[in-house]
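Below are two complexes that have chain A in common, paired first with chain B and then with chain C.
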Partner chain A sequence: MSSIGKSDQAVPFADLTDTAASAEPYRIPPIPFMRKARPYLILAPALLLTIGILIPFFISIYYSLTNYSFKYKDYSFVGLHNWVKMLTDPSFWHSLWVTAQYAVFSTGFEMLLGIGIALILNQDGWLARALRMVLIFPLMIAPVIATLIWQLMTNNSVGVIAYALRSIGIDNFIWGADPKTAMFSVVLIDVWVNTPFVIILVLAGLRSLPKAPFESAMVDGGSAWFTFKTLTLPMIKPLLLIALLFRSMVSLQEFSIIFALTRGGPGDTLMSLPLTAYNEAFTFKELGTALPYMLILWVIIYIMSYYLIRYWSRAQKNASGN
Partner chain B sequence: MKKRYAGKSIILLVVTALLVFLAACSSGKSANPGNSSNSPAANSPAASPSGSQTASAGSAFDWKKYSGQEIEVMLNQHPYAEAIIARLPQFEELTGIKVKYSITPEENYFDKLTTALNARNGNPDVFMTGSYQLWEYAPAEYTQELDSFLKDPSKTDSGYDVNDIFKGILDGDRWDLVPGHPVGTGSLWALPLGFETNVLVYNKRALDSIGAQPPKTFDELIEIGEKLNGWNGEGSYGVAVRGTRSWATIHPGYMTAFSMSGAKDFEVKDGKLVSKLDSPEAIEITKKFAELVKRAGPKDWTNYTWYQASSDLGAGKAAIAFDADIFAIFQGSKGASKEAGNLGTAPPPIVKEGQPVGANEWIWSIAMNKSSKKQDAAWLFMQYFTGKEHTLWGATQASVFNPIRSSVWENPDFIKRISEFPGYEATFKAVIGNTGIKFTPQPEFFNTTTEWAAALQDIVTGQSDADSRMKKLAKDINELVSRIRAQ
Partner chain C sequence: MGHKNPWNQALKNAALALYALFALFPLFWMLLISFKHDREMFNTIFVFHPTLDNYRVLFSSGEYIGYFLNNVYVSVGAVLLSLVVGVPAAYALARFDFKGKENLAFTFLSFRFAPEMLIILPLFLIYQKIGLYDTPFGLIWVYQLISLPFIIWILRGYFEDISPEIEHAGRVDGYSWWRVFLKINMPLIRPGMVAAALLSFIFVWNNFTFALLLAGQDVVTSTVASLKYISSDTVHYGQMAAAVTISALPEVILALLIQKHLVRGLSMGAVKG
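Moving on to the complex of A and B:
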């Protein structure tokens, strides 16, 4: 008699490997449908949002290749005509220069001020705690409202800042109304509104740093600058890059502050790419010629953020010691 | 356990679908949806606006013909809009038509309106507009022509009396869609609500302080304006004029002076528009206007809109405003501003000797959306709020200045009211004969006047001299108008 298929009773737990008892092959139970679908359901809102953003994006690329205008009922395909017209228009290069200036100045000052103020606020004292609350107030104000506040304060007839300047003998400082000081005015408002964002990020980073390396540096007699340069800065670099990424992306697209203060004037002094696009679309009602300005801006921001994110990844690895 | 996971997943799916559905279905309806039942009612009872009784059975016209319908109206934030809202209950009671309205500040109004009209979905049914905007909207087929409604006795109340509306004002909303052809020809595209001429509104205290009379010539305006700098302490100055990088800077005082100098914005050559902004007259008046701003205007002039100029006058900062005549009403009415009671009105300064005094005008109107599915109900709304009763009520009980109907100007209550504003009636009579739209109608109006404002800013701020900048402007404008498409 064959012993195949029969367990050897002398072997402990032999019955568990009784092949006769387990003649049917073991099947993995089917995964329930909802469990399979769960990852997609969780991703669904983000996916829908992405599709929701991509649809108007591709439509705008299409319209940039047409002469779509709010002034006429019909439109036709014109190929790259709007793009060539934009790239050969000197005012486009002027707008690009204004946009770059605005982004560099506002982001630069915000980063420097933000880091400096965060270092000062990174103390344990009642003053630092109180200032932490007060200094984030501007961030709670919408940029347009902040611009109107500054416009009123600097108004030559009724403004409190204008009054203060006159009392120290400065009578002709007309802020956004003067081409020489218009850029300074809008950058100042932007810095006032958005530096708290940098402060919050950097302060959060500083508060989360380990104490041990700093204590060792202190024991070894390292100066404050040495400590900052060799310990603090490398460790908070990822956060600084995040702040830089966000601020530069937003400042390149800045519209509300410039529009509310001067509408791009005086003359063309502050006609940045977003302002020019707005003018083309809503004042001149030429959507086809407006869209290339915004799409070019999108390309610039995409390239810049791609490299910044790559650099940020490397900085993060270095900061975590990998 | 499995059932709990399944349940949670279903809930997640349903919530996601609901959010997407709500986001997709949220319409472009107004941020301030107004329902006329919330509006403060004016005191006067509802009555047929022409004074006639509701049409009896058998009569063609009937205010109640479209009772039960609902129309959407877009309004610009303005006293004319406030007057409409105040009397919506009367309109609803008379017609049975429900009105949903939205109000948007002027800075953003036309952006929102253009986007809404471009959707061509019938909303809004009626909207406030200026005459200049019709030069874009009519060729784009956003607006419905109105002559067919006016001529149809079954649609228009017999007491409407369109001839009572000042012809020059009504003609401002009439155009034949041919670029370069003046207003007053072709189809009627809107009905006027109220209009402004551009004159001098001055502070009597200010002029008395230097023993001066209202300036009669442009050169006098510059001289007197300069003397008035600091007339009321620090920050006060001579002459308020608008200065933002916008078409709205060109059309009031500047265009009034421009047209009185004999300059023109365009001429038509071989059927094409040719800019005349580089003509000697255009350059000369632009230089003078820049001089006015530099010597007597507000220091931050490039930030000045209608609101800043008007409020500076009322606050006693500006001695004179060269802008809309209705500044005298809005700032001069009892309790309206600090300087109420001190303001007077005078005709705009002439530029050339022997020239008739006149002004550029701005007309606020209401127009009908060509895509509206309730055009007849919309037409009832339009004729009610441009009819005799509402126009008289607006001029005597609200701030609808200037009223569009000659019968209102002869009404004793209105005459009594404007007698409170020194010089107002006399100035109006002095300028109305030579007041009209001084611009050449064309669909690139907002492009060309925005570039014009930018050029003016460059000249005033010293970025460029008037000769070269106006020549460059003319060249740029010729290029802009060359893209006008044939209809």
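Moving on to the complex of A and C:
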């Protein structure tokens, strides 16, 4: 038991190959080099496949320093010109602001709504049990398709929501077409699609909580809010951070919902960083000026995820009560 | 928590019902009007004569079937390729201890969160140069950035759950390393593998940005094609609804099939639900 129990992780089966070799002398013991190389060899196909895709990433840093355009064959090195141009362009700061707003609003609503619904769903009624199964459906729908569904529902001539609004006297609500409600409309669709993600993660956390601390809190007569604040929240904090991490990283780069609903409009109301980069590259055919927008978004996402992951691993240690 | 306040309970149920309405009604309504004839679209809300005309028209043109099959082809292809390279990779990351292991694992995870547009811009250029633009394989390849992280990270967790001692026992019985992998490990992780494959299928199937910008004329997927219905300003709302329903239905069914593994899958193995 002892020799197997503390099996040498670096060389799996090392203890076995030895015994096997002594029991069956004709078996050739594995060559040490191969043993060391084995994990890398097993990983190689997956690595090659993805590195092929990642080379463009490094190329993109280079191209961001050139005036590469899809319109012309030749291009030349222009140094930091594209970067300076972007940083001094007020529309860049507008894009950054739109991106931040979209991410904060959608992630924020999804977290609050998701936690709330998960807390209610964490009980044993027939309704809760049935809903746990079907509430994930919107998450499985492609965001573009979701946008299409909401467009149909709010369509002035056939939409059921438009009809409902008309019947209570609101007939000039134009959703994405109005600069005032455009952000609300795209965030609404994002919330519709992604709230179930937060719900099922939080629910999984709630259902795995140990019973004992909650029972003793009840015996001591702690209020529901007190129990939630001092017991539930710290215990599911690692889970909340995972949900927050995933949601914020994806919502920062959301393209399809905004593109499908308004293409960044009306005007430049919803011109987030991905939409601006898309416009520069595919409308104006300027690859060199498009790339800095995405590179800076990548840096933002990277820094944010780095700190969130660090915070998460600390919270996980605390929650497991070291 | 303990003291049951009837008002409190009623309030909770009301909130739940409200959210359920918000989440499910759009799907129900979409399904409903996909059976509604265009004649009745403008003057009825819920009561109408159901018809299959919208589906009939959609399938008779053959165009939509083409988009649908394109999506099946590239999505299945992408997931299969991910399984072939991802299962061994997940095993290596779970079982062996080697230099740079966590960095490698994190690299795979980071693909999932790289801004799609950042990958597309240079790839658009390169794909056109090497002839992968607008080809099924071009899409299958770039989809690895979506499906591979799922497969590797979810299966890594499942492999870690298998005690090394089971493998040791297999080896003692004289199985080769490969036989142990195929005969002992694979059956044990099969449920997880199916779940990971289906989940990554859903996300590949749903992908819009890659399919829109790295393919365009020859390989139009049904997800991208759905946008045509918006921009063409068509009045065939019923067909639009039918197309949406057909595109969304497989995913909803798949989601029900892998319910037990969903939490683990969606959190890439970070939460062992």
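Brief remarks on what is shown
FYI, the second predicted complex is superposed on the first by the 277 of 322 C-alpha atoms of A that agree within 3 Å, B and C clash if a C-alpha of one lies under 4 Å from a C-alpha of the other, contacts with A are read in each partner's own complex, and residues count from 1 in each chain.
Simple rule for what comes next: a residue touches a chain if its C-beta (ideal position, glycine included) is under 8 Å from a C-beta of that chain, and two chains touch if they have at least 3 such contacts.
Just so you know, these numbers come straight off a predicted model, no measurement behind them.
Once chain A of one complex is fitted onto chain A of the other, the partner contacts of A:Leu240 are absent, as it touches neither chain B nor chain C.
When both complexes are overlaid on chain A, the residue A:Ala103 reaches neither chain B nor chain C.
Shared-chain residue A:Asn155: touches chain B and chain C both. When the two complexes are overlaid on their common chain A, residue A:Arg38 makes contact with chain B and with chain C alike.
Once the two complexes are overlaid on the shared chain, A:Phe284 sits against chain B while remaining clear of chain C. Once the two complexes are laid over each other on the shared chain, residue contacts for A:Leu131 go to chain C alone; chain B is not touched. More residues of chain A lie in contact with C than with the other chain of the pair chain B and chain C. Look at A:Trp192: by the touch rule set out above, it reaches chain C but stays clear of chain B. In the superposition on chain A, A:Tyr163 contacts both chain B and chain C.
When the two structures are aligned on the shared chain, A:Gly265 is found in touch with chain B, with no touch to chain C.
Annotation: chain A residues 38, 42, 45, 52, 70, 151, 155, 157-158, 163, 282 touch chain B in one complex and chain C in the other. Looking at the complex, you find that chain C touches chain A at residues 1-2, 12-13, 15-17, 19-20, 22-24, 26-27, 29-30, 33, 41-42, 45, 81, 84-86, 88-89, 91-93, 95-98, 101, 104, 107-108, 111, 113-119, 121-126, 141-142, 144-145, 148, 152, 164-165, 167-168, 171-172, 177, 202, 205-209, 213, 223-224, 226-227, 229-230, 237, 240-241, 244, 247-248, 251-252, 254-256, 259, 262-263, 266-267, 270-271, 273. Considering their complex, residues 2, 5-6, 9-10, 12-13, 16, 19-20, 23, 110-111, 114, 117-118, 136, 139-141, 234-237, 243-247, 298-303, 312, 315, 317, 443-444, 446-447, 450, 453-455, 457-458, 460-461, 463-464, 485 of chain B touch chain A. Every residue of chain A that touches chain B in the complex is listed here, in rising order: 32, 34-35, 37-38, 41-42, 44-45, 48, 52, 70-73, 151, 154-158, 162-163, 166, 172, 174-179, 261-268, 279, 282-285. Across the complex, chain A meets chain C through its residues 4, 7, 9-10, 12-13, 15-17, 19-20, 36, 38-40, 42-43, 45-47, 49-50, 52-53, 55-57, 59-60, 63, 68, 70, 113, 116-117, 120-121, 125, 127-128, 131, 133-153, 155, 157-158, 160, 163, 192, 195-197, 200-201, 203-205, 208, 214, 218, 224, 227, 239, 242-243, 246, 249-250, 252-253, 255-256, 259-260, 274, 277-278, 281-282, 287, 290-291, 294-295, 297-298, 301, 305.
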